[in-house]
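First chain written, first letter: the chains are A, B and C, and each begins at residue 1.
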Amino acid sequence: MSANRGVPAPPLQSRRGRWWTRGIGIAAAVATVCTVWLGLWVTPPDETQGNLVRLVYIHPGVAWVALYLAFGMAAVASLLYLWPRTRSLVWDRLAAAAVEVGVVFNVCTLVSGSIWGKPTWGVWWAWDARLTSTAVLLVLFLGYLALRRVPAEPEVRAKRSAFVALFAAVDIPIVHFSVLWWRTLHQGATVLNANLSPTIHGSMAWTLLLGFVALTLVFVWMLLVRYRIGVLEDWLGTGELDVALRERQAEGAAVGEEEAA
Amino acid sequence: MAPPAPSHPAVSLHDAVALSGRFPLLAGVDLEVAVGETVLVEGPNGAGKTSLLRVCAGLVPLSSGVATVLGLDPISARNQVRRRVGLLSHASHLYDDLTVRENVRFAVRAAGADTGRIAEACDRWGLTGRLLKTSASKLSAGQRRRTALAVLTARWPELWLLDEPHAGLDASAREALDQLVGEAGAAGVTVVIASHETGFAESLAGRAVTLTGGRVTGHRAIGARPQPSGSVGPHASLDSSPDVPDTTPVGPALRPGTGRPAGEVAHVA
Amino acid sequence: MWRDSLLVAGKDLRIEARSRVGLSQVAPFGIVALVLFAFALGPDRSLMARGAPGLFWVAVLFCTVLAVQRSVSIESGDGARDGLRLSGLDPAGLFLGKSVAVAAQLAVLEVVLGVGVVLLYGARIEVPWLIAASCVLGTVGLAATGTLYGALSAGLRVRETLLPFLFLPIAAPVLLAGTRVWQAAMAGGVASDGSPWLRLLLAFDAVYVALGIVVFGPIQESA
């Protein structure tokens, strides 16, 4: 930690960093608007599912972000933090940001899945493999966030959270397979099924793809913003540390003066 | 079998900074303790004496600076270091549900030390008969401290870190403690005592180091300057010449007349 | 490592024998849970018999939380946790020792709960070795993960509420697998259905025990 003598200045995000954040934000907004426009107006309703099929433009997208992108990133970042050679609070902040944003996307997954499920399966919730695994993942995410709220020094908190993320990452495949064996109601993957021939065609397929892209961009933008907040929080803490160090050393001098007087 | 006098100091701290959250426990400590020395660390409450000992025991990592204990890094070689270091802290690390004897046995075996000296150590500290079979929850503070001392005596590690060792002990126990430290020093054990009651620990150490505000603010050799009773170190140490050498030759500086009890002095094999 | 783990396991079990918390508090809690389940599921015995495997494992899971809390709180008095660190005990040995102690207590609890389930719910067991295997494997997994999470949350003031929340989702596969094996072992089940689930339990155990051995040291130091 570099000692910041004199008046501490807040770390300005580099110009490149700001440009990227803004750029991605704009791209995300544009892509989302396009998806909404295409999804709600341009593409036709499905033969069997009617207008309900429009949910497919967001549901797999949020699911992909929450399960693979966000959680995967959190797991990898946690591993990087734990590995002594690459240990750096950057990974901890990244993991925490990824989990926070991931929780939002996870809830969206469950909600959009429920909304789609009710008219289709007749129930708000079905205990099939995917839904259950997603629910367990949400609980694990929430546990991670709960642990982070416990007041602790940044390094201690980072280590603890990283371990929880690691254990959760190990558990998720196990949960997934066990629930998969348990029961399966969820339809086979629409785009990524075994023969790799998508069962969704034409403009709908393109909109689906755009939905993926848009949601990924939204995730990245939220991640960048959340990470930036984390940087500022840590900087605030460091400033306090420098003040505390100076006061502590002044303690010694003060005692000396008292005694000499 | 005592190892040949090693070329490295028992404890070496260089510009050590240790943090607890945002609070600097140590704010840049420079300290060297040679093998076999007995050093007193004095200073007002909150100066960082306990933290200094904990750093030496490898419990607290440094955020900057270098610490070497018995030639090893106390964090990366922590298990090795901890087995050779004995910390006597304010807490006595006892399990309430176990008896005194079970507690001592567990502590000694956990540290990988030989269990042969346990009986003698317990005897020495007055832990005999019914007291041995008493559950630890029923002990008084003094008895808990004596149990911890018995563990230390039975383990006989190379480096002793004593944090306010006289606190909570009655007069006879204090004498016994002084005897023990004297013995240990004579046997080549390195002892670091942290105390703000310089009156008690004074006679045991060869030199004293003053800690205030997380830094070392003074040194003095004991015996060079007679202290009025009750005065705390810093006044004298800031007056003392900064070029008083702060490494005494290997070997204890004892008050003459400290007798050794009959019976053999145990060595770490 | 093995010497240290035996030492620690012995210490924990001796403390348990002295204080008898497991026997006097955790086991009755398990029985109470079984009784409450019976109230919840109503007087229909066939329903209870069908649900017996799952209810058994849920009760075991709750008892595990209590047993782990107890295992952690043993070290919370008078700086004992620091004492363990200071002694230079091999952390992997410490992990194994504490897990073994928890596992031993769980094993006894499972016998009690198993008997309870048979008596109270009228469950009929056809393939006892499947039951035994699932209990052994499940216990190992629960003890290992419980000890891991206990160490993670040790020393935190909110440990009582945080530990169950963190631990139970991780233990979910044990619940699932254990229940399936029991169902296969009950009257009306297909015995061969149980084997894949036993393999899952074995994989779970292997992963978390290995993880614990590697990771327990760093966890201890950061707490």
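Please note the rule applied: contacts are C-beta pairs under 8 Å (C-beta built on N, C-alpha and C of every residue); 3 or more make two chains touch, one makes a residue touch a chain.
Since the structure is predicted, the reported quantities are computational estimates derived from the model, not experimental observations.
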Going by C-alpha centres, which chain would you call the most central?
C
Which chain's centre, taken as the mean of its Cα atoms, is farthest from the centre of chain A?
B
Once you find the CA centre of chain A and the CA centre of chain B, what distance in Å lies between them?
49
In angstrom, rounded to a whole number, how far apart do the mean CA points of chain A and chain C lie?
32
Chain centres from averaged Cα atoms put chain B and chain C apart, in whole Å, by 41
Residues of chain C that touch chain B when the two form their complex:
4, 7-8, 11, 14-15, 18-19, 74, 77-80, 82-90, 221
Which of the residues in chain B come into contact with chain A in the complex?
17, 19-24, 27-28, 44, 47, 63-64, 212-215, 217, 234-235, 238
The answer for chain C against chain A in the complex is residues 145, 148-149, 152-153, 156, 158, 162, 165-166, 169-170, 172-173, 176-177, 180, 196-197, 200, 203-204, 207-208, 211, 215, 218-219, 222-223
Contact residues on chain A for chain C in the complex?
82, 136, 139-140, 142-143, 146-147, 150, 155-156, 159-160, 163-164, 166-168, 170-171, 174-175, 177-179, 181-182
Using the touch definition from the top, list the residues of chain A that touch chain B in their complex.
1, 152-153, 237, 240-241, 244-245, 248-256, 259-260
